[in-house]
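In the two assemblies presented below, subunit A is common to both, partnered first by subunit B and then by subunit C.
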Partner chain A sequence: MPELFGVSDILDVISMQHFVQNMVSIPLIQPVIDFLLQIPVLGYIVALILWKPMFALLIFPGLMTLLTVLLFIIWFERKLTARIQWRKGPLEVLRWAGGVIQALADGLRYFFQEVIVHRDAHRLYFLQFPILIFIPVLLPLLFIPAGTIVGIKSPYSLAITVAVVSLIPVFIVAIGWASNSRFAYIGTVREAFMYFAYEIPFIISVISMILVYGTADMVTIVERQAIPGIILNPIAALVFFITTVMATSRLPFEIPEADQEIAFGPFVEYSGIMFGLVMTIAYEKMYILSLLMSILFLGGGNGPAIPLLGDISGVIWLFIKAMAVMVSLAFLRSIYARLRLDQALRVSWTTIMKISLVSLAIGVIINLTTVGVVG
Partner chain B sequence: MDDSVDFLNSGIFAPFKKWGTKWSLWPVHLVTACCGVELAHAYASGYDGERLGSLNYGIARQTNLIIVEGAITRKMARVLKITYEQMPEPKFVIVMGACGLKGGLFWNGYHMVRPSDVVPVDFFVPGCPPTPESLLRAIRALQDKIMSGEARSTIEFEKYDLSGIKARSEQPLVPPSPRYCSPTPPIKLDVPRDVDWEFGEKLVEEMKSELKGLYKSITITDKNRIAIHVEKKDVVTIASKLSKKFDHVKNVNVIDIPHEDSFIVEYQLSSYSVKELMPVIVNIFARIPRSDARFPSLTVFWPSADYLEREMYDLFGIWFDGNPAMGERFLLAPDTPEFPLRKDRKLREEQYYEEVKQ
Partner chain C sequence: MTEREVVLDVPVQPPTDLFLPIPKKFLEEAYRGDDYVVLVGPQHPGSGHMRLILRIKGDVILEAIPDPGYVHRCMEKLAENRLYIQNIPLFERPAIMDTGNVTLGYVRAIENALDVEVPERAKYIRMILAELSRIGTHLYDAGILAVFLGHTTGFMWPFALREPIVEAITRISGVRVTSSFIIPGGVRRDVPWKTLEFVRKTTFVLEKRLKSFEKIFIRNPTVIERLKDVGVLSKEEAIKFGVVGPFLRASGVEYDVRAVEPYEAYDSVSWEIPISDHGDSYSRFLVRVEEIAQSISIIRQAVNELRSMPEGNIISEDILQEYSEVASSDIRGFFFKVFGNLVLPSGEFTSLTEAARGTLLYSIISDGESNIPYRARVITPGWYYLKGFMEALRGERLADLQAIYGSFGYFPPEADR
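The block that comes next holds the complex of A and B.
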């Protein structure tokens, strides 16, 4: 019987040498890293963290950046809304920094609050879905390339990312069903309506970009963007942006969670840390879609290389682009009123659908004219 | 379970819990009265309560603070209790306004409940209404209280032994205020008045010929106002005749006159269909004895009298014969005292307690 993996293979994979071969290089702090690598246990941990797939998972675009962005964007959104309404916004919690840790205070309060599971809820699903939803939220981050740092390289990475992101509304519908409350029910139905309305133009715009670049591998897509995608196919960028607004339920499409009408829809019955988890879903989705938008249309990690930072240079450029997209999404919240469900459905099934088909036509044309170059 | 909760409240995590709760006091929307305007003001651009990390939020499950804005009626007391029970621990209550303290404008009203009887209250903000500054000051005080005390919500009022304490009425501290009493005036609804109103005089003549022998008096009390004094037994006949001209009842009133041992029941009629009669209001009233508080219902002729009659039954206990909804509670909460606007209802005496120095 042939052995697929021997013990020596496994030892090889988890050996420090294997990590060091594929490590994030940062010339600025290279002496420090070299020194740390000499220390027995600490060196192994440093090598593991700086191993590119692990770096993508833990640092960027993975957990640490995700948490920082969550804390920042919630504060930023409240602050921006307050400034537009001639208020100060969150301030006193950390006065000299403009109250930037407000979201941390809210998170701590949630963490220590009582979690109520009401009598009518499906107890098991009610408690497990907000945790399970982190699978489709965190999985796409492994496929997103930041310069040379990428978790998993795959020729189908864009398709996988879009497919996994599309799973999130299914979990939200399940959360609403498990809540078994009338507001949750209305919000769930609205979420399902919106899901069908935005998903089709969204996928069409992604397909048109796949046609433009001739590949679904995000690393290759970034490499081929000498001209950013937003110039090659601006209409696809427009459709992608609008459907991102709908997918993350930002205003003016904040229909499933309309807090003034149906009291946060599917999330109405959650309290304490469980609400903290479900409330951040939309922001996490927004983070993923902003990264995707910067990769598809804004050139991803491309940008003037900073020699001292090495591999981190691409990370910084991607982060700046993604933050620009997120900030513009947050800006929408404070200046628009909410559309009704029927208005939003009409807009997306007619206007946005037509525009997305135009973008698909542009993609086909570019694909046919450049077939000799990229094919 | 209780041990772990105690650990969170007082263990090594307590500072984090206190800090997070302090900067994240989210009041739930429970606007019951006019103090809500001041609440809105406190969170709008001038004062901006969000500076303190406090954010108005729509849902009870995700908030931790109730700001009771003013008067709590018997019906709203139930809502207040439900909202409080829905909120997760730790939770806090601030009561705004004079009405929430002791009743304020509505002191000793049959419909009033003090919020402190329903939920434990952390802070009262006196004023009618309080200014936004004082509300924000209460939130500041609550933050200080959270940081200095334990981050728990259950408030235990100090128990006082009232046996050693005398009511102030037995031991007056201030001289009683002088009381001026005037004799109770007679109630008269048909005071005649000379006005230049030709159409009214013509209308009164028509009515007198039409209702011959059924009325006691028909008087013009003001321009466009006519009062008809009738006997209780003739009311139905008169209503059947007047309902051809006047198509709706504007109001049904009851006046309780205990010193004359009678009720006055009055119906105010007007018309929407005849243009000349539109500004005219005709007042039919009859006296009934207090011992036999029954009156024929006029809903057959004027359906708009239905709800008004039910309300009068709720408040005065006049039984309108023929109205099918008699005997049911219509507007009042189930636990309201019976017929609260009758003047012989005993009010609760206000008592001031003070500690006797040993």
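The block that comes next holds the complex of A and C.
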């Protein structure tokens, strides 16, 4: 049996040559990059960062963009809501920019607040789940293609992403269980109910899009969208959007958290930075699902290519589309009231389930008629 | 002299068992019946300053026990140590926006005792103030209802709409909220026509803004879904549990103190009593929305009436007596001289007022010789309909607690007094 990886293979993989072969090309700053690549250690680091999988992990859609989006969308949501409600919204932190770093200031404040672990909590799990939850939150970002930049290419990337995203509520249920409080308990039960209610239509709409494109590889899906998916199967897009609202517990489906009823549900006992972590989960999930929606229905990184930016133009188009989806999700908060749990369950198990089946039928029809054309 | 240790032989033992505001039997029964006892409040975001003890089976409330009194301020006892006139600012404290109606009730009880006839112009000014307060309270309650449903826009808009009303009250009385403008025998001072014109214009602004509020909140499908057929009180139940005010009218009982025993100038303006037959949370809300429209119409009619009246003479001569020449259009400078030694004849004097949230009862007992009341009794609408509120919760879902709470506009400081 031959050796799987020899020493020379490993050296090959971590060699600068390997990174340079698969590098993000940005014609605008190419001379700068070329110059930096000449410098011994810095060149290696630059090559590593610009290596497409590493770029996907660190810059877009990975960590840096995630953090920026978190800071931005929380501020933007507050500002938008404030504008609708005849208010000013966050303003005092960095006044000339309209308080844009308010979320950062809040995060810093959380850092210096005491993390209280109450007597009844299951201490170990209470403290570790808010951190563990970042595994299912960050993992899908590796599979999401931004133009030609993608972390891990896989023929099953869409399926993997959806599967990992589906794990998030399990962690939230675990958080509620570890909190061991009445309101957390009620919130956890609500979260579990909502989980089952939205997950099935959500997966059905994704499957119908897999049928439309004939593949579960997101890179191929984006390539095949000469016509955006929202025109091919608008009903699937509708189902996906509504279930995204449910999955990220935005209004009118902000049922598990419901701060007036059960005081933030599963997260009621958290304080300090732990609260900061659990509070952002919904926003991170919203970011991932918005990316997924732009890839499935809005053509992902497709768009008029900007020659000067090279590979970055796909990144920019995907970012713009994802932000548009996120903004429309943020807009819902100032329009709707919160539904009751049973009403939300009734809506999702009847109406949304029905239209998701219709979207599946459309997917099957498109799959059968276009087989051989795109499939 | 040596110091001596003083030992008081008082048997004091610290309590050994946990104090709960619930009967022990209630807890034991709930435990045996596999129910869940949830204490909502008093530090809960959706409970106000009170505690609600709920017995829940699954998601359904089997029983609700109120535990009010967290904002009790001994108002009635305090009133026994103050001059009659000093009690006006005291009694208007419980209700934030309802200053007009709350002071009107107390002042009318005094006027009943003294048998004073209020000048016509003062009656209309008082009515305007009362109706402005009514609109303000209804908007306040609509905002609280909206935020209980998670609708933050529906919370912010009424609170912003309240602002023109507060401004109007400021221009009339000089104070934003607790105006103490209504005094026995009339009002403190005359209102110039410019201010009246502002009040009239305010009603048009309100009407216009309320239309956009209607679009985003009142006719919002999620709001209707949440409030319709929730917390239903039938006509019989509403009467049995002593529900008052707009909440009684929402259950189909056409009772309004303003119409049954008209006070001030309510019998000389035309207005309707909005009623609904459903008795659910949504109709309780809609009745109050309709009352805002009626109040706006009353204010406009009153302003029109006031225009044709001569200015001045807004305090009764029976009260002013020798100061009637100098203070008939402005009490400033003569306030203590006129009211400092006000003594009521002995007896019990009662007044019923239709405050924004319902019937408000004042009862003053006087011994006939002192300038402070012997006993003052206030029963606020919140206290009247607390029982009905608790009964409406029975059989509803836990998530509906806030919807029903908001639909009643229950206001603990007002109920606790």
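A few points about this structure:
The rule is short, and it goes like this: the second predicted complex is superposed on the first by the 373 of 375 C-alpha atoms of A that agree within 3 Å, B and C clash if a C-alpha of one lies under 4 Å from a C-alpha of the other, contacts with A are read in each partner's own complex, and residues count from 1 in each chain.
Quick note on the criterion: contacts are C-beta pairs under 8 Å (C-beta built on N, C-alpha and C of every residue); 3 or more make two chains touch, one makes a residue touch a chain.
Here the structure is a predicted model, which is why all the values come from computation and not from measurement.
Partners subunit B and subunit C fit side by side in the overlay (superposition on subunit A). Contacts of A:Ala263 after superposition: both subunit B and subunit C are touched. Subunit A is touched at more residues by one of its partners, and among subunit B and subunit C that partner is B. Within the superposed three-chain model, A:Arg109 lies in touch with subunit B and out of touch with subunit C [touch as defined at top]. Of the two partner chains, neither subunit B nor subunit C is touched by A:Arg346. Looking at the shared chain after the overlay, A:Arg338 reaches subunit C, while subunit B stays out of its contact range.
The angle formed at subunit A by the C-alpha centres of subunit B and subunit C is 20 degrees to the nearest 10.
Contacts of A:Trp86 after superposition: both subunit B and subunit C are touched. With the two structures overlaid on their shared chain A, subunit B and subunit C come no closer than 5 Å at the level of C-alpha atoms. In the superposition on chain A, the residues of subunit A contacted by subunit B and by subunit C overlap at 85-87, 259-260, 263.
Residue ranges of subunit B in contact with subunit A, taken from their complex: 8, 13, 16-17, 19-24, 44-45, 48, 50-53, 55, 57-59, 61-62, 64, 86, 88-90, 151.
By the touch rule above, subunit A contacts subunit C in their complex via residues 81, 84-87, 182, 186, 251-252, 254-255, 258-261, 263, 333-343. Residue ranges of subunit A in contact with subunit B, taken from their complex: 78, 82, 85-93, 99, 102, 105-116, 259-260, 263-264, 268-272, 275. Touching subunit A in their complex are the following residues of subunit C: 36, 38, 44-46, 59, 146-157, 160, 216-217, 220, 222-223, 225-226, 397-402.
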